[in-house]
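You will see two complexes here that share chain A, one where it goes with chain B and one where it goes with chain C.
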Partner chain A sequence: MDELSLYVLDITMNSVRAGAAEISVTLREEGEWLDFTVTDNGCGMTEEQVQKLTDPFFTTRKTRKVGLGIPFLTMLAEMTGGYVRITSTHESVSDDHGTTTHARFGRNHIDFIPLGDMIGTVVTLIQGSPDINFVYTHTTERGTVSLSCEELRAVLEDVPLNEPEVLAWIADNLNEQYQALASD
Partner chain B sequence: MKSLEELKAIKAKMQDKVNLRTSSAQTRVVVGMATCGIAAGARPVLAAFVEGINEAGLSDNVIVTQTGCIGICQYEPVVEVFNGEDKVTYVKMTAERAKEVIEKHIKGGNVVTEYTIGENAK
Partner chain C sequence: MTVRQTAEALGLTLLCGDGDREISGVYVGDLLSRCMSRVTEGCLWITIMSNINAVAVAALTDPACIVFCEDVEIDDVVLDRARENDIAIAKSTLDAYALCVAYHNACGENQ
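Here is the complex of A and B:
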C-alpha cells in the first residue's frame, strides 16, 4: 500500500468487523510525528488474540489463513522510527469493551509514505457502514478538520448516510475544511 | 462551505426516494474491502461504482455494498454483481473497468466477459 490513508482504511475496517457502534479515527501531526489512533467499542480481543496480532499467520477470518493488516501497519511504523500499540478489552471481560490501535510514524523519515486521500478513506468507511457513528479528527499545526456522523444523522434523520448525494456532501465538506487549513 | 443547510436540502429531496428504494433494488454490486482488496486498489473501484451508478440515474435499482475477503486475494480488486439468482464475479478491477461494467452490464445487460473470473483463472 502506497498511501497511509489506505492503512487507515484497512485498520479501521477491523473496528467495523468487531461490530462497533462508535469508531473514532484520529490523526495528529505534531513535530516529527504523525499519530494515528482508532478507538472502537466493538467486541474487543482476548489477551491471547492481542499477543498474536503481529503474527501474519494468525487471523480470525475463515476465508484465508493469513492476516496482514496489523503486520503491514507495524512494519511501516517501525520503518519510520515509530511503533504500534494496541490495547483491547474483550466483551467477555467487561461491559466497557473495545479496542484502541495507536500507530506512530516518523513524518520526516525517508521511509514515510504520503498520507494520500484521507477523504476517500472516510467516505469509503461511511459508505460501507452508514449506521456506525464515525468521528474523524485530523489535527495539524494549522488547525483541525473534523466530521461527526452523529451530527449529520441528526440532520438527515431516516435518510441513510450512504446516499450518493450525502457522500458527495461529506467529500465536499471535508475538502473545503482541508482547503481552509491550507490557505490560512 | 458545504453547510448543514445544504444537507437539510438533500434530506428533503431524498426522503421519499429512499423509502421507495429499499424495496425496489434489483441489482447488488459488492466490492471486496479487506486488506487484500484495499492493497490492490479497491477504494477507487468502489468510488467509481458509487459515483457512476448515481450519475447513470440507476441508484433506485442498484445498491453498492462492501464485503470482506472472499478468499481469492490474488484476483483483487474483486467485484460481484448479483441480479436475482445470477452472480457475476469480476476480477482485477479498476475505476475504468468499473465504468465499463456499469455501462455494458448493469445498464445494458451484457456481461463484460473479459473481466470475469472465468476468463482470468485459466
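Here is the complex of A and C:
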C-alpha cells in the first residue's frame, strides 16, 4: 500500500464491518502534520481487543489468522514521527458505542507516502455501503472539501446512493471542490 | 538448496525454524504491504524490516526463510512469534544485493 488513501479505505472498512450506520472520515493537513480520523457508531471493541490491535497475530477475521490493517497503519505513522490512537466503547458497555481511530503522520517526513486518490476512495465506500451515512471532510490550509451522505439522501429521497449517475455526480462534485481549493 | 545449505554457503546465522526446507526463489523487499503479495511460498525473503509485522506477512505467505540483512536488530518477540508460527529466520551482516549475488553463485556451485 503506497498511498495513504488505501489505509483510509482499509480503516474505514473496519467501521463498515463493525455494523456502523454513521461513519465520519476526516483528513486535516496543518503545519507539519496530516491527521486522519475515522469515527463510527459500530459495535465497538472491548478494552482487551483494543490493547491487542497492534499485534498482527490478533484479528477479528475468521478466514485467516493474521490482521495487518492497524499494524501497518501504526508502522507508517510511527516511521513519519506520528502515531495511531484508538478509543472504543463496546456495545455491551454503553448504548453510545463505537470506535475512533486517529492517525497522525509527519507530512514532510522522507518516509511519508502520497495521499493518493481520496475521491475514488470515498466513491468506493459509498458504492459498497450506500445505506451508511458517510461524512467526508478534508481540511487543508486552503479550505475544506466535504460531503455528507445524509444531505445527499435528503435531496435524492428514494434513489440509492450507489446508482451510477449518483456516484458519478459525487465524484464530479468532490473534484470541483478540490479544484476550487487548488485555484484559490 | 535447503535453508541450512544456503545459510552455510552465504554465512547466514539461522536463528530459528526448519533448516531442511528447499528454497524455491528469492524476493527482496521492505514495504510489507507489497511483500504480502510478492513473497512466494518457499522463497528466501531478504529484508531489513525486522519487526513482528514481517513475521505476520511470513505467516500469510510462507517463505522458506526470512533473512534479516544489514545486521539489523531483531527483538526477542520477533523470534518468539516466528517459533510459534514455524517460520525460519536467519540474519546476515551483508546487504540484500550481496546476498543475492552470493545465493546466485552458491546455486551455480550446487548444480
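The working rule: the second predicted complex is superposed on the first by the 184 of 184 C-alpha atoms of A that agree within 3 Å, B and C clash if a C-alpha of one lies under 4 Å from a C-alpha of the other, contacts with A are read in each partner's own complex, and residues count from 1 in each chain.
Please note the rule applied: contacts are C-beta pairs under 8 Å (C-beta built on N, C-alpha and C of every residue); 3 or more make two chains touch, one makes a residue touch a chain.
If you're wondering where the values come from, they're calculated on a predicted model, not measured in any experiment.
A.B. asks: When the two structures are overlaid on chain A, which partner does A:T46 contact: first (chain B), second (chain C), both, or neither?
C.D. replies: Neither partner.
A.B. asks: If we overlay the two complexes on their shared chain A, which of chain B and chain C does A:F72 touch? Say first, second, both or neither.
C.D. replies: both
A.B. asks: Just checking: does A:M1 make contact with chain B only, chain C only, both, or neither of them? Give me first, second, both or neither.
C.D. replies: both
A.B. asks: Give one of first, second, both or neither to describe whether A:T137 is in contact with chain B, with chain C, with both, or with none.
C.D. replies: A:T137 contacts neither chain B nor chain C.
A.B. asks: Applying the document's definition of touch, where does A:F57 land relative to chain B and chain C: first, second, both, or neither?
C.D. replies: After superposing on A, A:F57 lies in contact with chain C but is clear of chain B.
A.B. asks: Is A:T26 touching anything from chain B or chain C once the two structures are fitted on A? First, second, both or neither.
C.D. replies: neither
A.B. asks: Comparing chain B against chain C, which has contacts with more of the residues in chain A?
C.D. replies: B
A.B. asks: Give one of first, second, both or neither to describe whether A:Q127 is in contact with chain B, with chain C, with both, or with none.
C.D. replies: A:Q127 contacts chain B only, not chain C.
A.B. asks: By the touch definition at the top of the document, which applies to A:E165: first (chain B), second (chain C), both, or neither?
C.D. replies: It touches chain B, and chain C stays clear.
A.B. asks: Need the overlap of the two footprints on chain A, from chain B and from chain C, as residue ranges.
C.D. replies: Dual-contact residues (chain A): 1, 6, 64, 68, 72.
A.B. asks: Mind listing the chain B positions that touch chain A in their complex?
C.D. replies: Result: residues 1-2, 4, 6-8, 10-11, 13-15, 18, 33-36, 38-39, 43-44, 46-47, 50-51, 53-54, 59, 64-66, 68-71, 73 of chain B touch chain A.
A.B. asks: In the complex, go through chain A and note every residue touching chain B.
C.D. replies: 1, 6, 9-10, 13, 17, 61, 63-64, 67-69, 72, 117, 120-121, 123-124, 127-128, 152, 155-160, 163-167, 169, 172-173, 176-177, 180
A.B. asks: Under the definition above, what is the set of chain C residues touching chain A in their complex?
C.D. replies: 31-34, 36, 51-53, 55-57, 59-60, 81, 85
A.B. asks: In their complex, what parts of chain A are in touch with chain C?
C.D. replies: So the residues of chain A touching chain C come out as 1-2, 6, 55-57, 64-66, 68, 71-72, 75.
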